[in-house]
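The following blocks contain the structures, represented as structure tokens.
Two complexes follow with subunit A in common, the first pairing it with subunit B and the second with subunit C.
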Partner chain A sequence: MPDRKDKYKEVAYYHGCALEGTAQPYNTSTRAIAKELELKLVDIKNWNCCGAMEVKNVDPEIQTYLSSRVMSLAHNEMKQDVVMAPCNGCYHNLKKAEYDIANKEESRAVVEKISAKADHPKYEAGQVETIHALDWIKFGYGEEELKAKIKGGLKGLKVANYYGCMYTRPRHIFPEKDQGGESESTSKPHYMDDLLEIAGAVNVEFPMKTACCGGAHTLSDSDMSTKLVLNILQAAEAAGAEVIATECPTCHSGLEMHQIRALKRLSKQTNVKVIYFTQLLGMAMGLSPRKVGLHENVSDSMKFMKQKGIT
Partner chain B sequence: MRTFEKLEAALEHPVHRGAPKDAATFLLHVGEEALENWIEAKELEPTDQVREGFRILALHRQGAKGDPSFNACRETARELVYHYNLICLDPDHPQTNHRLEMMQLVAKHLVFFIGGKLQVAGLGEFCCAAKPIRLESI
Partner chain C sequence: MAIHEKHLIRPENIRTHDNLVIDGVDVSGHWSTFIETRVVTDYNEALEEEIAALPGGEYIHRCWQCGSCTNACTVNAVNPDFNPRYWIYLIRMGMESELLRDKDIIWQCVSCNKCTYACPRDVVPEGVMKATAHWLEMKGHTEPSNSTIFDEEFTRQVVKTGKIEDGRILMNFLKNSKQPLVQDWLVQMVMQMVKHLPFKYLFGLGWATLFAPKTKRWAKTRDAIEEHIAEEKAAERAALGLDPKT
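Showing the complex of A and B:
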């Protein structure tokens, strides 16, 4: 859709808290790609937490307000009409807030009340469009154009694309999905597959694309998280993958940490590498591993990528 | 109906011995049993109905009623059905053993997920299960 190319050329960038901490390499690689593709990311100043999982558990309407404030900043202060959130948690929460504000009187009332107290304009449904980093690259730059940017490519690297459970769920907050044609599928998402295939990867048939990684359990029930993650890693290896490509900071951290924990606690070793899709795309475009923050990942995939001749 | 410990133990070793259809049916039943455990824990009678031709899909739907976060395993249940169909519709396919291996991993995931969800059912939302633990530690 040509209008999306114009619309996504410049977006309000809401990286959220994860990309400032454990998911710093996701941030580094997203910014590196933006520069390479000449897509403009305008940071949202004075941003706040989207409400993540913690606030939602205390009061879902407060979470709606927190996400609405981010969208209000983008619309009212920055005059932007697109917010790009690479984190699945942020993306999910902003989409949920958008849906609730459009459809629930109670949500609108809470947003109006707290926005007035906080002395900023309330967010109204439809003022911005929230997109994921996958939409941003796929439509803001375009697949044909991306082909022309690939230098060296991923050289047939076998990849299992792992989207996690928040990118497509619950379906009702993503009305643009499951619309056929170019739209994303909530049962078998494929945008990451599409982009990495263009970059020269061979995508394996992976039945756990949207399976739960136990991310929210990492601290409260680590053993269960380790079991869930180990199973995902083993499934990726059984599917023939050398790399699991990720697009969610919670999933990514969970896969990396529990891969180590599974070895220590359960003596189960897996060797599949865990790499953000933005890092893979960046390297396929000829950016150095350092430029895409590969050295900042918990797991060490530098040597592996070198062996594959991708760096 | 077996407990989660027994279900996990049943999946400990490869099941792709004997007739592929039998192994696929066994794995599908493991998935159904995991869901039955969840539904019974909610003090409901597991349904005998089918959805799209499969009881597991009807059980998932019943288990997710009033608990949207349970939909995190919707696609896992559907993947079990997909693999079951692949194996049973063409048991002589050269990929059958591989498909059974993948189906077993999918079944395992469903068992782990529901087992974990049951463990924390008393702790609040699955996706924020630590809250009561945190409160206790204050």
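Showing the complex of A and C:
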């Protein structure tokens, strides 16, 4: 799809709730990259929560409606064709809503009913394309062009790329994936690997790219989440990684929180750093750690990055 | 004969006798271990229909017991008793009392969707787990799980204001699930966050905790969503033969 460079040059930016709270550094670094690459992010005005896992558990059709409202704003009020969501949860939910509205009569009926009562145009399937921050950089800016933007680079930093659950599962809500060619793989995703390799990282062979961090129960079943996260952290270290690159606020905070919890409760120490891929990419382009919000991460990697000579 | 794989049989169903003769045959001792005869009579014929009436349970009838879900399951790898294939089997067979033996762990599904990804029959086992966990709570077999308490607090905030604020969710969740607000790991986390003193960040969080973020012109949307959820919940309770109103 060669037209994507034009199409993604300006996108509706849906950062969602997490990027205003615990995942502020993801927001900061995404915006910093956009500025650096001269890609235009237009904030969705008066947005609402996508519904996340929690509203889906209470009432799945309400989650579909909530996500549809965001896409309706992008299409009807902003006249945008593309919604870019860096949060895996938002991305997943908008994709799921798109699929359900295209394929389920019941979902369409609920969206129509509530949109009418809420006094806004209902969202119809196909009105916008939802993409992840990975698609946005890989295709909106282009890999060749990105090479030219790397200043300093990641200097052979050993990275385990961690994609989590919601970026690839369930498969049916991502009809564009697993199509061969440049398309993303749901069993062995590689877009983050591709971008960070360009940025000068050495991607380690990481078997747990799409493993689950237990994020859905990070607080409600913390002992389970601590075990699941510890598996991921230890696997990354066993694979020789110095850093786990993340693309999901739930995974990222889960890894940071349970790295501490594993030490406190299970006396298991791991030293691998947890950094958003946008932060790594930004620093590879020569942006300062503060510009990409590295000092706001719980997992403290300011000193580490300095030692590596990356900052 | 002796039963060597005793871990496959529940201890209370294994019988050995020190001194027993049946029909003139001495069946005493380890080499004559018996398994208690069991006839299942307490079927709940409506069980599958009830689960199918709850969100996520719709496609349970498609299952042909291949076991791909359990094989792929994240939680099963940590706790082998967590067995979606088996629970789907029990529900379809109507074996409620057998299902209830695992009532306290079914809610632990982490919704990673590995089962749904692996399932060749599009059963959506993740949905079936949620439906089953809700069924257990609605029928009064379990108290609301921490997961439900979290989901409800989260949804309450979203429906009320259109958005969530994670500090407020955390505090209300710990309070509602009767957990202490001061946790060692939480203290450590906050200390690490303050270390680089992003004053703006902490101030921002504090501000958001005092004044919840809100979507504007949300009242009509809120009312429509509340109305829909109330209707759905009443329909779900009716499908389970419960009073729709409570």
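Everything below uses one rule, namely that the second predicted complex is superposed on the first by the 310 of 311 C-alpha atoms of A that agree within 3 Å, B and C clash if a C-alpha of one lies under 4 Å from a C-alpha of the other, contacts with A are read in each partner's own complex, and residues count from 1 in each chain.
By definition in this document, contacts are C-beta pairs under 8 Å (C-beta built on N, C-alpha and C of every residue); 3 or more make two chains touch, one makes a residue touch a chain.
If you're wondering where the values come from, they're calculated on a predicted model, not measured in any experiment.
A.B. asks: In the superposed model on subunit A, is it clash or fit for subunit B and subunit C?
C.D. replies: clash
A.B. asks: Contacts for A:Tyr65 in the overlay, against subunit B (first) and subunit C (second): which applies, first, second, both or neither?
C.D. replies: Touch status of A:Tyr65: second partner only.
A.B. asks: Considering only touches as defined above, state whether A:Ser185 meets subunit B (first), subunit C (second), both or neither.
C.D. replies: neither
A.B. asks: Quick one: is A:Ala211 in contact with subunit B, with subunit C, with both, or with neither? Answer first, second, both or neither.
C.D. replies: After superposition on chain A, A:Ala211 lies in contact with both partners, subunit B and subunit C.
A.B. asks: Taking the superposition as given, does A:Asn57 touch the first partner, subunit B, the second, subunit C, both, or neither?
C.D. replies: Both partners.
A.B. asks: Where does A:Trp47 make contact in the superposed view: on subunit B (first), on subunit C (second), on both, or on neither?
C.D. replies: second
A.B. asks: Going by the contact rule set out at the top, does A:Asn76 touch subunit B (first), subunit C (second), both, or neither?
C.D. replies: Neither: A:Asn76 stays clear of subunit B and subunit C.
A.B. asks: Report the partner of subunit A that touches more of its residues: subunit B or subunit C.
C.D. replies: Higher number of touched subunit A residues: C.
A.B. asks: Who does A:Ala235 touch here: subunit B (first), subunit C (second), both, or neither?
C.D. replies: A:Ala235: touches subunit B, not subunit C.
A.B. asks: Check each of 6-14, 60-68 or 96-104 in subunit B against subunit C and return the one that clashes.
C.D. replies: Here subunit B runs into subunit C along 60-68, and the other listed stretches stay clear.
A.B. asks: Shared contact residues on subunit A, subunit B side and subunit C side combined as an intersection?
C.D. replies: In subunit A, positions 53-54, 57, 165, 169-170, 211-212, 214, 216-217, 219-221, 224, 227-228 sit in both the subunit B and subunit C interfaces.
A.B. asks: In their shared complex, at which residues does subunit C touch subunit A?
C.D. replies: For subunit C paired with subunit A, touching residues are 55-56, 74-75, 78, 108, 110-114, 116-117, 124, 130, 145-152, 154-155, 158-159, 162-167, 170, 173-174, 177, 184-185, 188-189, 192-193, 195-196, 198, 201, 204-205, 208, 213, 215-218, 220-221, 223-225, 227-229, 232.
A.B. asks: Considering the complex alone, what residue numbers of subunit A touch subunit C?
C.D. replies: Against subunit C, the touching part of subunit A is residues 17-18, 20-22, 24, 46-49, 51-55, 57-62, 65-66, 69, 110, 113-114, 117-119, 165-166, 168-171, 186, 211-212, 214-217, 219-221, 224-225, 227-228, 256-257, 260-261, 264-265, 295-296, 298-300, 302.
A.B. asks: Using the touch definition from the top, list the residues of subunit A that touch subunit B in their complex.
C.D. replies: Within the complex, subunit A touches subunit B at residues 53-54, 56-57, 165, 169-170, 187, 207-212, 214, 216-217, 219-221, 224, 227-228, 231-232, 234-235, 238-239.
A.B. asks: Considering only the defined contacts, which subunit B positions touch subunit A in the complex?
C.D. replies: These residues of subunit B touch subunit A: 68, 71-76, 78-79, 82-83, 98, 101-102, 105-106, 108-109, 112-113, 115-116, 119-120, 123-131, 133.
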